[in-house]
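A, B, C and D are the chain letters, set down in written order, and residue numbers restart from 1 in every chain.
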Amino acid sequence: MTDALRKHGRGLLVFAVAAYALPLLLAGNRYFAFIGGIALLHVVWTAGMSLLYGYAGLMPLMFAGIAGISAYAAVGLMAAGFAFWTALPVAALFAALVGVGLGLPALRLKGFYFTLCSLVIQTVITLAFVYFVNLTNGDTGISQIAPPAWFGGPLQGVGFDLVLATLAVGAMVALVLIVEAPFGRRLVAVREDDELAEMLGIDVVRQKLAAFFVGSLFAAVGGAFYAPYVGFVSPRSFDVLLSLNIWLMVAFGGRGTIWGAVVGTVLLAPLPFLLQDYYKVKDVIYGLLIIGVIVLLPGGILGGLGSRAAAGTGTQSPGLRRKEAA
Amino acid sequence: MLEISGLTIRYGAFLAVGSLDIVIGKGDIVGLIGPNGAGKTSTVKALGGLIKPAAGRIAFRGRDLAGVPAHERITLGLSIVPEGRGIFARMSVEENLLMGAYAFDGADKAARMRRVYDLFPILAERRWQAAGTMSGGQQQMLAVSMGLMAEPEMIVLDEPSLGLAPIVIEEIGKALIRLREAGVTVFLVEQNATLTADVSDRIYVMSNGTVLHHGTAEEITRNEDMLGALL
Amino acid sequence: MNRTIVAAGLGLALVTPQTAAAADQESVKVGFVTELTGPWSFFGTACVAGLKFAEATLNPPGKRKIEFIQIDNQTQPTQAVAAARNLDIQSKVIALSGPTSSDTALAIYGYAEQNKVPFLVPVAAFPQLTKPGTRYSFRIEPNAAGWGYAIAEFVAKQKPGAKIALMHSDFALMRAISAGLKYQAAKKGLKIEPEIVFPQGSNDATVQAAQVLAANPDYVVVVGAGGFDNTITNQLLDVGIKPEKIIHPYGMATQVKGWGKRSVGSLYGTFFDANLDTVTAEGRKFIDDFKAQNKRLPSYVENYCYVTSQIIREVIDADPKAGDDREVFRNTLSALKSKEVTSGIPIEFDKNGARKEYIYFMQIQDVGEVEYKSKPVFTTNWDPEIIPVYDLVK
Amino acid sequence: MPTELVLISTLFTGLMLGVIFSLVAAGVTIIYGSIWMPNAANGQFFLLAALALWSAAVSWGLHPVVAALLVIGASVPASLLLEQMLIRRFYDVPNRNVSYFVLSLGITQILAGLFSVTYGVWSDQFQIPPLMAGITFLGPFPVSNSRLAALVTGVALLAALFALLRYHKYGRAIRAVFQNRDAASLRGVNVRAIYRLSFVLGNLVVAAGGVLYAFAYSFDLSVSWSMSITAFAIMIIGGPGSVVGAVAVGMVFGFTQAIVSAFASPTVATFSYLGAMLLILLMKPSGLFAR
């Protein structure tokens, strides 16, 4: 545990300084501070996605759906009179468990079929958000979500941003600890060649399930904070595009690298906000960016600049090839 | 007919085949035996153009194959039946045979099909059956037949006896001898030394990517100690 | 490690505030957050097209200049909140406006109420935008539950005790319409049967059209979303339902054109239509200019966005301080008593910011390439709270 | 009479939706089976065909049949261009299904952005003029000749696709490449050429699906994602790479939607076939028609 922290200590320190500096530097302008806060929130999500995609080799496109379940659960509990800080763990745990329940059939699938299946699950979740009007208010969404209480007052402004910074740093520390633990190494073994991993005595489905649960927790915690931070949730807040964006941030930054996800998030999360004035070309730019990266830097930015072996997509074991052909 | 000289194949840092030399004359049946991982299948893949050798030269009927893409080699008269049979499991026997003659647009496919049905009558009975649902021996007969649909100068068989009962292996061996009578050169790559020795004129023994011995079938089989250690 | 620092720095550079444009003391800025991309882009762009026509005459010399700052919300609530925040903080707008979809409007609603920014919604019909206790949000379009109420009133007048088949997509707007319809139908002794709900993303209504045909209702109320609205209409006509029996709660120019010639005789509700006889001279000019430029007629979406700018002009003119003080703007808007310049229909807001509501029912007479002909057959207006909308639709 | 009416309309709807779902899913599965490209942009290609048809038939005023042939024909050079520019770069990349998925998301994003600022500002509903006027009665159930024609054309296209894959030399080669690309290459099949052919053929079938959809239904820009998801679901259940599976499951999807929405509700129908997908995967993870 301490080894892991020593190995990534400098990186974590730099990230923590940047994460806390961001809200303070932007405190003078609530708009930019808001974008910064959204980016920090996305770091929590991409940390979870990085664990699942970068290390466990799973590409769960139902990620946003899990975040949404948690957000709706937290809002529902708050409406029922619970404090946010009580609602948060309950909602997060609930959403992660629901996620595992829904993901159970999909997790038995190998390789890319899991991804396609999770895409369909995300669609079902979005439909459910619209359909269960009594719980979710349907596609109108829930407006005016109260900020959490914090030392007697509402948690707002820079205070909330700093809490998000803490959350983001916490998520990165958790990611480092998990990845450097034996559990993380087993995940990499599963990612590289699950048949070989099975032969080495690793229970592949159980490892995937465990990883999926932990990754879903990241999604759920982020979702629960999203609701009061933005002040509004609706099915469109947690649609498949968010799942794809979060995944893209990881792939863009460099799969299987600790800091790739952060780089991808910092570059991509603020982009839709900063391109708001260029709405006519925004989607085209975004699309070209995606294509540019996959053509020119297939391992992602950090994966492309760093050693190809670390990128995970740069090299490939025969096992992966076998799976593809299956 | 076929001249392999200095063939070297690498997978990353791993050397699969190191400087291999094999010569096969027209009308010969030549065997290549060796244990698992000796580099036999890599050699076959290089012949088929499925992998690029790191060094060496493969010449077929005097022509260097280096620049010839995989799918054009069959039109030169080099027909390869890969390991695992290379049949199309969800196609019928007849469709598989048609695939065997895929590269020969002008050919009389019905006549070619009649000739392989003569060689393996059981296939004619099963012509509408999905290849994947037949027995292992029948699948192997189909694989050889597909190779023959090209009416090649030379046929390369990779592990035709794999997973087959001895009686079926014997049948395959008889078919090979009939092929030679028809003037086809055969390159038999095998783990099964008995089958190879029964039908081959000459045998190459391969281990760890290089040729250890080379001689007539009798010379090799006489040296039973070496064979026992190898296989 | 160095890479990380460089990347983090790069990210910071991207979000570092640019120096805000020097505030022009003279002009009043209004933030216009609307759907220029995403699934609702048609409504946002139609709205902006209406606004553009108003802008031509909005700033006569001598009056304080009003400037609209448009931002795309991508039909995405998070983006809508961010855009509202951007306009509030960066551009220091006096008021917000623009959304044409209920969920983006509701997302901005939360921001406006929490941050005390006046918010004038041109086209969004979800009742909760003016729920009791609302202080800063004002809505120009009548609420959707009211449309359902009006349909029931209309049908009851045409045929007491009539049977209505109801087909609607599962969107909040459509649920609100159904709720209002069902509430008032019960009071008026009308029967609703069958009621068919389509999930979002539906594409076929053949079987449902056959079910409706088998039930033999007096009227069919069709509330589909987007292209599916057209599909339902076509399939009802295909199975032989007479157009005279079909009622759409709302109809826009593109929609009427889409229903086509064979829907002649069918009915639709609207709040502004080129064929209304109440259209004023300014309204007529707007219609003609719009038609010349866009090769189609404007509808209520374009009209409401046109009217939005007129209302803001009147607020600024009524109290010079309204251009600088949001509370004054809010109070002046709340007290405003005016008329739509295009149609002469009164504009007046109740204590929750809802407008005194009205609807016209039109019957299609002919559908052409650019224009269509229709005539008003029924009109009604009502107080926003004549039915318990805020209890009917949560 | 009412029961019969509902019954026949259910059958017709099942067939109509089934044919469109089958075409799109077959196109998707042909591309996935050959080059392992899970094309998330298939819904956008579908929509592109529908919108192009609308432009040709409504804006340019071409006869609908001419417009349809033009659009389906144009999909060939468009696919070849895309193949030349982007797709072929990844033929030999390891893990290429991930690369292709990312690529197709990029294409999706670009097309969605283009549609939104072009067609999106025009209208929120698009309708093609009918192929032919009039109504035909199937028993008591009246159906417009235009939709009947779309259905017949769709069935004919599916039959032609099957015939091509089963009896034509290149069709056999496509199936051979799906099943065993190395073996196909040894039999003289130019695998890269077959990749190219499959990509073109798959997109052509998807475009045909879009064109028929546009004749049968009004549509808007939101149809793209729901079609992508449906096609993926069908491909997974049917077994990726299996055209028979895609068509069989596509038909089942169409009939499920028709029957469940007739006897329960359309919402239950949507939930039920997505739920059925999860159940089937639980029992047979590789899909029903997998090798």
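Keep this in mind: contacts are C-beta pairs under 8 Å (C-beta built on N, C-alpha and C of every residue); 3 or more make two chains touch, one makes a residue touch a chain.
This structure is a prediction, so every number in the text was calculated from the model and none was measured.
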{"item": "Farthest-lying chain, centroid of Cα atoms versus that of chain D", "value": "B"}
{"item": "Between the pairs A-D and A-C, the one where more C-beta pairs touch", "value": "A-C"}
{"item": "Chain whose Cα centroid lies nearest the overall Cα centroid", "value": "D"}
{"item": "Chain centre separation (chain A, chain D; CA means) in Å", "value": "32"}
{"item": "Whole-Å separation of chain centres (CA-atom averages), chain B against chain C", "value": "74"}
{"item": "Euclidean distance of C-alpha centroids - chain C vs chain D, Å", "value": "35"}
{"item": "Numbers and ranges of chain D residues touching at least 2 other chains", "value": "113, 116-117, 267, 270"}
{"item": "Sites on chain C at which at least two other chains make contact", "value": "36-37, 170, 199, 201"}
{"item": "Multi-partner residues of chain A (at least 2 other chains)", "value": "127, 131, 279-280, 282-283"}
{"item": "Overall pattern in which the protein chains touch one another (line/ring/star/complete/other)", "value": "other"}
{"item": "Complete list of chain pairs which touch one another", "value": "A-C, A-D, B-D, C-D"}
{"item": "Sites on chain C touched by chain A in the complex", "value": "1, 3-5, 7-8, 10-12, 14-17, 36-37, 71-72, 74-79, 81-83, 85-86, 88-90, 102-103, 106-107, 109-111, 113-114, 126, 128, 170-172, 175, 199-201, 394"}
{"item": "Chain C - residues contacting chain D, complex", "value": "36-43, 45-46, 170, 196-199, 201-204, 206-211, 213-214, 226-231, 234, 238-240, 254-255, 258, 260"}
{"item": "Contact footprint of chain B on chain D as seen in their complex", "value": "169, 172-173, 175-176, 179-180, 182-191, 291"}
{"item": "Chain C-facing residues of chain A, complex", "value": "10-11, 14-15, 18, 22, 25-26, 28-32, 34-36, 38-39, 127, 130-131, 133, 137-141, 143-145, 230-234, 236-237, 259, 262-263, 266-267, 270, 272-274, 276-277, 279-280, 282-283, 301-302, 305-306"}
{"item": "Of all residues in chain D, those that touch chain C in their complex", "value": "1-2, 5-6, 8-10, 12-13, 16-17, 113, 116-117, 120-127, 135, 141-144, 147, 213, 217-223, 226, 257-258, 261-262, 265-267, 270"}
